[in-house]
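When the chains are written out, they are named A, B, C and D in that same order, and each has its own residue count from 1.
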Amino acid sequence: MSASPTTHIAQSTPDDIVIRGKSLCHELLGQMTFTQMMCFQVLGRVPAPSQVAVVDACLLALMEHGLTPSVLAARLVYSSAPEALQAAVSAGLLGVGSRFVGTVEGCAALLDRMVAGEDPVRIVEEHRASKRSVPGFGHPLHKPDDPRTPRLFELARERGVAGPHVAAIETLSAAVDRALGKHLTINATGAVAACLRDVGVPAEIMRGFALVARCAGLVGHIHEEQQHPVMTTIWEAAEEAVPYGGVAAQHPKGENR
Amino acid sequence: MSASPTTHIAQSTPDDIVIRGKSLCHELLGQMTFTQMMCFQVLGRVPAPSQVAVVDACLLALMEHGLTPSVLAARLVYSSAPEALQAAVSAGLLGVGSRFVGTVEGCAALLDRMVAGEDPVRIVEEHRASKRSVPGFGHPLHKPDDPRTPRLFELARERGVAGPHVAAIETLSAAVDRALGKHLTINATGAVAACLRDVGVPAEIMRGFALVARCAGLVGHIHEEQQHPVMTTIWEAAEEAVPYGGVAAQHPKGENR
Amino acid sequence: MSASPTTHIAQSTPDDIVIRGKSLCHELLGQMTFTQMMCFQVLGRVPAPSQVAVVDACLLALMEHGLTPSVLAARLVYSSAPEALQAAVSAGLLGVGSRFVGTVEGCAALLDRMVAGEDPVRIVEEHRASKRSVPGFGHPLHKPDDPRTPRLFELARERGVAGPHVAAIETLSAAVDRALGKHLTINATGAVAACLRDVGVPAEIMRGFALVARCAGLVGHIHEEQQHPVMTTIWEAAEEAVPYGGVAAQHPKGENR
Amino acid sequence: MSASPTTHIAQSTPDDIVIRGKSLCHELLGQMTFTQMMCFQVLGRVPAPSQVAVVDACLLALMEHGLTPSVLAARLVYSSAPEALQAAVSAGLLGVGSRFVGTVEGCAALLDRMVAGEDPVRIVEEHRASKRSVPGFGHPLHKPDDPRTPRLFELARERGVAGPHVAAIETLSAAVDRALGKHLTINATGAVAACLRDVGVPAEIMRGFALVARCAGLVGHIHEEQQHPVMTTIWEAAEEAVPYGGVAAQHPKGENR
């Protein structure tokens, strides 16, 4: 770590912007795709074309999944404050937490432990002991298997990118199934975690890749909301589905739980 | 404006925090309600007790209105990322924009123009000409009249706080009704705008008072979501109410609108 | 828990809004302070006046602490998007997480364990073993003692509100000091956690009270930013303090960590 | 517009996700770059490769510009709540409003008016009359010219993508310069607006493209903050640059402005 506080990302001068040592105007614009540039921005290096193809596939796999809670939040906020599109996107991204897509980073951390030599059985037991689900496994709709997972692994193998982390999640999957006595799918989040780790994306910043993918997905939904608004429909459906049930009984101790 | 950049709000020392010249520990804690302190923080002065009572009533009037889009967004985000309660509250507050509660500031600005002598007929015509609704008027549910409005004005009058801005909105209301040829209620947002302006809250920061009120309301909904989660119900109701309709027809010019 | 999804908070009809069984217009407006109403909204009951006074003091203690990271974020966002004041407040609230004020809930959870009979020595050891600091203790500026803490406890005792949780944090404080071999202050967050628990605010929603307090604080800073903007000063100071340091050396393995 | 509320974006089944009529697993993953997919998601069609190259360049041009207010907000929030990376990214995106990058949409709307036949002189006069700057023009650092602009136009011309909107902004630029009596650069935001309009991105959703680009930029800064934190440096620099100036003088009328 540097002794004095610095940033190694960018510097602007009147006639150029230097990003990680390269001229934006002369060396980057027109030379790179968004995905290459994002990797350069975040990781400080441009991965090989085969790796970039896998990153692209991972971003595609996470971009869109219909009217998720995150999308609903974005549409509700957009129609409440259409003058601030950025607020709607932000509201949607705030839903990328521990329960949905944000699990990529937890899964990636487990794969790192396995690649460092840890026994998958121990990892599974640790989660069962604390009644936590293993991040990257299971999906309420995509049963018995999440269709994105085999496709991502196939691409990673075709491109020669699949490495120790893809291998690790397959070993972990077998341990999960043995412990449960039934099959639980590796979900898209788990597959993305393994693929991005094999590309060299650290676990701690992986959620950032998921956020970029979801950001694009949310923009699509907001544009549809601009053209064919359904916010009022969502609102009315929610009010009907969750009616007012009167005053809840108080707990005897006077606390509300 | 000061010549050099400074803040006039607060300073911390090891053994105290000075807020607008007063010791938090020795002069404020235990001496003020939240509402008094909020006014002191924002406006730099503690209003008279009668004024504080009106501010309290305004905050109460805006705190809660059932499963609004803002509340739905907060609950959806909370259940997606329960580890970050602040993100759920923020998502809900992002919905306090131009369409709902955020209209307080637009209404207050109109009342300022009237108090400065402008003709309400001109204000109404200006909005009709540009097909904008007059902020602070109309409510989809509370018809013919928003019940919060007369109660707020009654309180402001009882306390001797009602002044030129409450008078202005009543004049504006008459002009609105004449222009429309029918009665349109002054809604709670309009009533709050008039009352808070008569207390001396500037139009430009009035949305901030609405945000504090809604913040408390959202915390209540998130606590209910913790105890009796309805996020999945909301999600499923939305998915059912807004089904996938297949691929939309493309515009002939290849643009999507 | 109810068998079918319902909300017990509010219902709107054309001529009233019922909140937890009471008429907003006839039973609440003009009858309650903001703090009483917030407790009613969140907890479903109005605490005794002595308890409300302690809640008010807790909210005051957390409202303002100068140019904190949360305040800086709010001012930076406000000046970037002044048309969306709610976005600036939201950005500030997003900083109420694990490192600053959000620690109230972690501290409150520890106090609950102690009130349930757990040995404070064990709690301190558990944190030392995992190299985590005990939430509610220590402050970088307020040394040796946070001045808000004794004042809050004094108020809670004067009002007869101090109970097992205030007692618990004082016991925990002694255990912390013994384990460290030196004195570490109970900070304002810890003091608030103990006081609010003794009022009956559950640990899991306590961060919500901190958010309401900070929301009011942020509104004050945004209003100052409207009148005397310092965003450019903050921006320039940051750019000067964190210069561009050129391209960072790559890790030999080609990963960036 | 459909008679009943529907979404035309996506549908999930247990064994696939259909996005705008195409199978994610069989027709999209591995077939498209992120940028192509984003266009498909938002616009409902995949632009020609030459157009995608211009979209890529536009996204690169907006991704990174050093320690902007948006980046500072993201870093401040990240270090306050490192458990919620999505909150830090959201805080940063909330700064993409009317003053900085969000101006793309205002500029694009002006170009649409010109392409529809409006006289640029009238547009410039309209802005001067209301003392608003023309969106897409001027830059505090990049003087006399923003270096990104000629590079983007060069690329758009090389690829045969430059059309009526690029022509319009050049005409508008001449009108701006004549009205001012001096040269004001077309900034990157203006150049991006013209290029993306010529690709067929509607003005109303253009800010969404800027948000995706900035999202990637913010992820890079958060990753640097994880490795080499500078938040404390930023905080201290801000506190030093903006000292407490004591109690501000009250306005004689008792209002604070």
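Keep this in mind: contacts are C-beta pairs under 8 Å (C-beta built on N, C-alpha and C of every residue); 3 or more make two chains touch, one makes a residue touch a chain.
Predicted model, so just to flag it, every value in this text is computed and none were measured.
Among the remaining chains, those touching chain B and also chain C are A, D. Counting the residue numbers that touch the partner chain, chain A and chain B have more than half of them in common.
Simply put, of A-D and C-D, more C-beta pairs touch at A-D. Here the C-alpha atoms of chain B line up with those of chain D after a rotation of 180°, rounded in steps of 5. Relative to chain D, the most remote chain by averaged C-alpha coordinates is C. Averaged C-alpha coordinates give centres for chain B and chain D that are 28 Å from one another.
Separation between the centroids of chain C and chain D, computed from CA atoms only, is 34 Å. Computed centre separation for the pair chain A/chain D is 22 angstrom, with centres defined by C-alpha atoms. Within chain C, the positions touching two or more other chains are listed as 2, 5-11, 43, 66-67, 81, 83-84, 86-87, 90-91, 94-97, 102, 202, 223, 227, 230, 233, 241-242, 244, 256-257.
Within the complex formed with chain D, the chain C residues making contact are 66-70, 72-73, 76-77, 79-84, 87-88, 90-91, 94-100, 102, 223, 227, 230-231, 233-242, 244, 256-257.
Taken together, the chain D residues at the contact with chain A in this complex read 1-2, 5-17, 19, 24-26, 28-30, 32-35, 37-38, 41-43, 53, 56-57, 59-61, 63-67, 84-87, 89-91, 93-97, 102, 105, 141-143, 145, 147-148, 151-152, 155, 202, 204-205, 207-209, 211-213, 215-224, 226-228, 230, 233. Per the touch definition, chain B reaches chain D in the complex via residues 2, 5-11, 18, 20-21, 43-45, 81, 83-84, 86-87, 90, 200, 202, 241-248, 250, 254-257.
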